[in-house]
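As written, the chains take the letters A, B, C and D, and residue 1 is the first residue of each chain.
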Amino acid sequence: MADTGRLAAFSDAVFAIVITLLVLELRVPDFHEGELAGSILEETPAFFAFVVSFVYIGVLWLNHHAVLRLVRGTTLGLNWINLGILFGVVVIPFPTAVLASALDDGNADDLRVAVVMYSVAAALMSAPWLLFFAYLRRHPTVLGSHVGRDEVRRQEARPITGLVLYGLTGLLGWIVNPMLGLAGIVVMIIYHGLTSEGVRAGLFRGGRGGRRG
Amino acid sequence: MADTGRLAAFSDAVFAIVITLLVLELRVPDFHEGELAGSILEETPAFFAFVVSFVYIGVLWLNHHAVLRLVRGTTLGLNWINLGILFGVVVIPFPTAVLASALDDGNADDLRVAVVMYSVAAALMSAPWLLFFAYLRRHPTVLGSHVGRDEVRRQEARPITGLVLYGLTGLLGWIVNPMLGLAGIVVMIIYHGLTSEGVRAGLFRGGRGGRRG
Amino acid sequence: MADTGRLAAFSDAVFAIVITLLVLELRVPDFHEGELAGSILEETPAFFAFVVSFVYIGVLWLNHHAVLRLVRGTTLGLNWINLGILFGVVVIPFPTAVLASALDDGNADDLRVAVVMYSVAAALMSAPWLLFFAYLRRHPTVLGSHVGRDEVRRQEARPITGLVLYGLTGLLGWIVNPMLGLAGIVVMIIYHGLTSEGVRAGLFRGGRGGRRG
Amino acid sequence: MADTGRLAAFSDAVFAIVITLLVLELRVPDFHEGELAGSILEETPAFFAFVVSFVYIGVLWLNHHAVLRLVRGTTLGLNWINLGILFGVVVIPFPTAVLASALDDGNADDLRVAVVMYSVAAALMSAPWLLFFAYLRRHPTVLGSHVGRDEVRRQEARPITGLVLYGLTGLLGWIVNPMLGLAGIVVMIIYHGLTSEGVRAGLFRGGRGGRRG
């Protein structure tokens, strides 16, 4: 078993790059002299998509941070599962850009496609997190000595919720109304952020017993 | 409470990426054979915007570095506030690019818009730093044992100064003259750099008592 | 001899950036209102090239992670060899983009060129890894005290296999059929991933005796 | 005085990003079906510029790595000087891209401009390194206890050599022949790489007494 140092450093760098790349989608539009302000206002949808995805990646980092504190080391298996998690993270800028394009240039059909695509990407991203917890259950020696089964279970509920609810959000966006689906995505991201240390450990309860982060 | 290791690593990577992405705005212009030198000179405004923002991000990193030394660990609340700080950092390349565009292709109105936009982005960036210090005041257990209330207060004065003065700078640029506003931005950035370890701890007084950086 | 800390951190960041840059090749296509879905489907080849290269870079990171655990410190010589390894990593997005272009816009000849190019890049990437092991053999003082000659040899077999088999894959793609060559590349990447801790240490045998990662 | 941990992590990330961004200049050219190979060959000058700059950034990292081992901590002053060093690093992709453009599309005049620009950027980059050593001389308390004055002086000779010789290289490229200037740049980069632990500590002498890297 190896220390999680490099796993964390590699993952941190990936999260950092993805969260920063999003801003590259915000391009200065071509403008006629004296019309810069108007051109920038047209970037509003892209800015909205940027903010949503920034918060989303931030929340994923919070979750990754919390989950890696459960283990006392890493194995080849966990490294592979982590690559799966990072795959989900790295993909995000693409549906984000699609969403920005659809908000900007598309009609209701295009927006529907974009919302479903975002939801599906988010739902699929739950899969490697499920694998992560399944691995912990089958390899309890990987768990830190201070980590109770309760804590693992508390975390495990969340990717399942994610898989189901992002799926429903996609359906909502497809069948009922794409803007409703978009609202569902935003709600889900906030939910995951507030619960990143487990469903019942709230944001304002403060930290639990100390360990390296 | 978790160690600040990953928080620092993630933040360092974000700062590093943003400071480097700025140079991507410096594009080699198309040129006719034998006219490369002239084409490059036309990039001067973009280069100026690049230098200003490089120094700005550098100064923000210095501040982040100094501020994180005040705490002995991190919590979910501090992680969220840190995401707010990083949001401000990640956004910078956009007003930078707008500023470069305005200097390059715009008239006085466009430049006014760009200067105000840069000032507003800089002023808003003070908000999460204020939250950071408010959090420290309400959760003194997070403070390092070597950190006095004085030191926290010394740092706290600075985001308030930033909020007010960047706001005034924007007004100056809007009402009086965009170039004056631009000069104000540059002055503010240098001020924040020289005082990054607190208003009274000068650049050339040397370091204070040692701790992990 | 210096600690491997900065060598690992620098390398981790390079791997992280390359694995993330790949997604930049996935661009939102221009589309007519209501035809976003169709336009995105045309990105499938680029998405395929992205997935292959993501897994490839991930596997290279796993290998780098495993190999750096063999040494107890680094020297100027090892730092240079590591730069060679990183050169191979940094180059990958280019043959990936060529492959995506060929799958998208090219005919069989173009695809042949792209497959050969990818294979040659992958085969040449084995060279610095061979240098790495040759260096370890000539400077046994660099090895960690817990590392047996067996473990070094087990790892050493792999870049040789890579050099030969990626070469053969390229030939296969050139002479027989580019799609066969592409399949060969995918098989090779998976092989390297499953054996990243040595040919005989399987993915599911769990970790070996602990050390810093 | 703060630990150099975050200074090193931030710098490592900047080096890693710059060394990776260079490859973004390698774009897949547009091509007619069946002519991919020919189009790629036209990228040869860009590839040459990429390789030169990759090695250059790599060498700068080796130097940064060696120099940071001289100090036992960092101060606000050193942090500022380090930002100066990173500024030099971050700028490199721009003269690299100019060089690639000049090799690709320019005539002898354009190439002369590009070579001079690269030389000037490289010569100016020596300035913050000189400041670094001047700071060490004036603040000997920052030096690690194991570091002799000899070691500092051995390192200090090198930025001076750089300033003078890159300057001469630029003159050579301007007055005599741009290709000669280009050759001079390559020679200088290799010289700095081989001597990155001081002029007399050769590449193959192995490491010196251990310390964290």
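Keep in mind that, in the parts below, a residue touches a chain if its C-beta (ideal position, glycine included) is under 8 Å from a C-beta of that chain, and two chains touch if they have at least 3 such contacts.
Quick caveat: nothing in here was measured; it's all calculated off a predicted structure.
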If every chain is reduced to the average of its C-alpha atoms, which one ends up farthest from chain B?
C
Compare the two sides of the chain C and chain D interface and say whether they are made mostly of the same residue numbers, over half shared, or of different ones.
different
On C-alpha atoms alone, could you tell me the rotation angle mapping chain A onto chain C? Nearest 5 degrees is fine.
90
Chain B and chain D: spacing of chain centres that average the CA atoms, whole Å:
26
How many angstrom between the C-alpha centroids of chain C and chain B?
37
What parts of chain C, by residue number, touch at least two of the other chains?
9, 13, 16-17, 24
Touching chain B in the complex: which residues of chain D?
1-7, 9-11, 13-14, 16-18, 21, 24, 73-77, 79-80, 83, 86-87, 90-91, 93-94, 97-98, 100-102, 105-107, 109-110, 113-114, 117, 139
For the chain D and chain C complex, residues of the former touching the latter:
8-9, 12-13, 15-17, 19-20, 22-24, 26-28, 31, 33-37, 40, 54-55, 58, 61-62, 65, 68-69, 193, 196-197, 201, 203-204, 206-208, 210-213
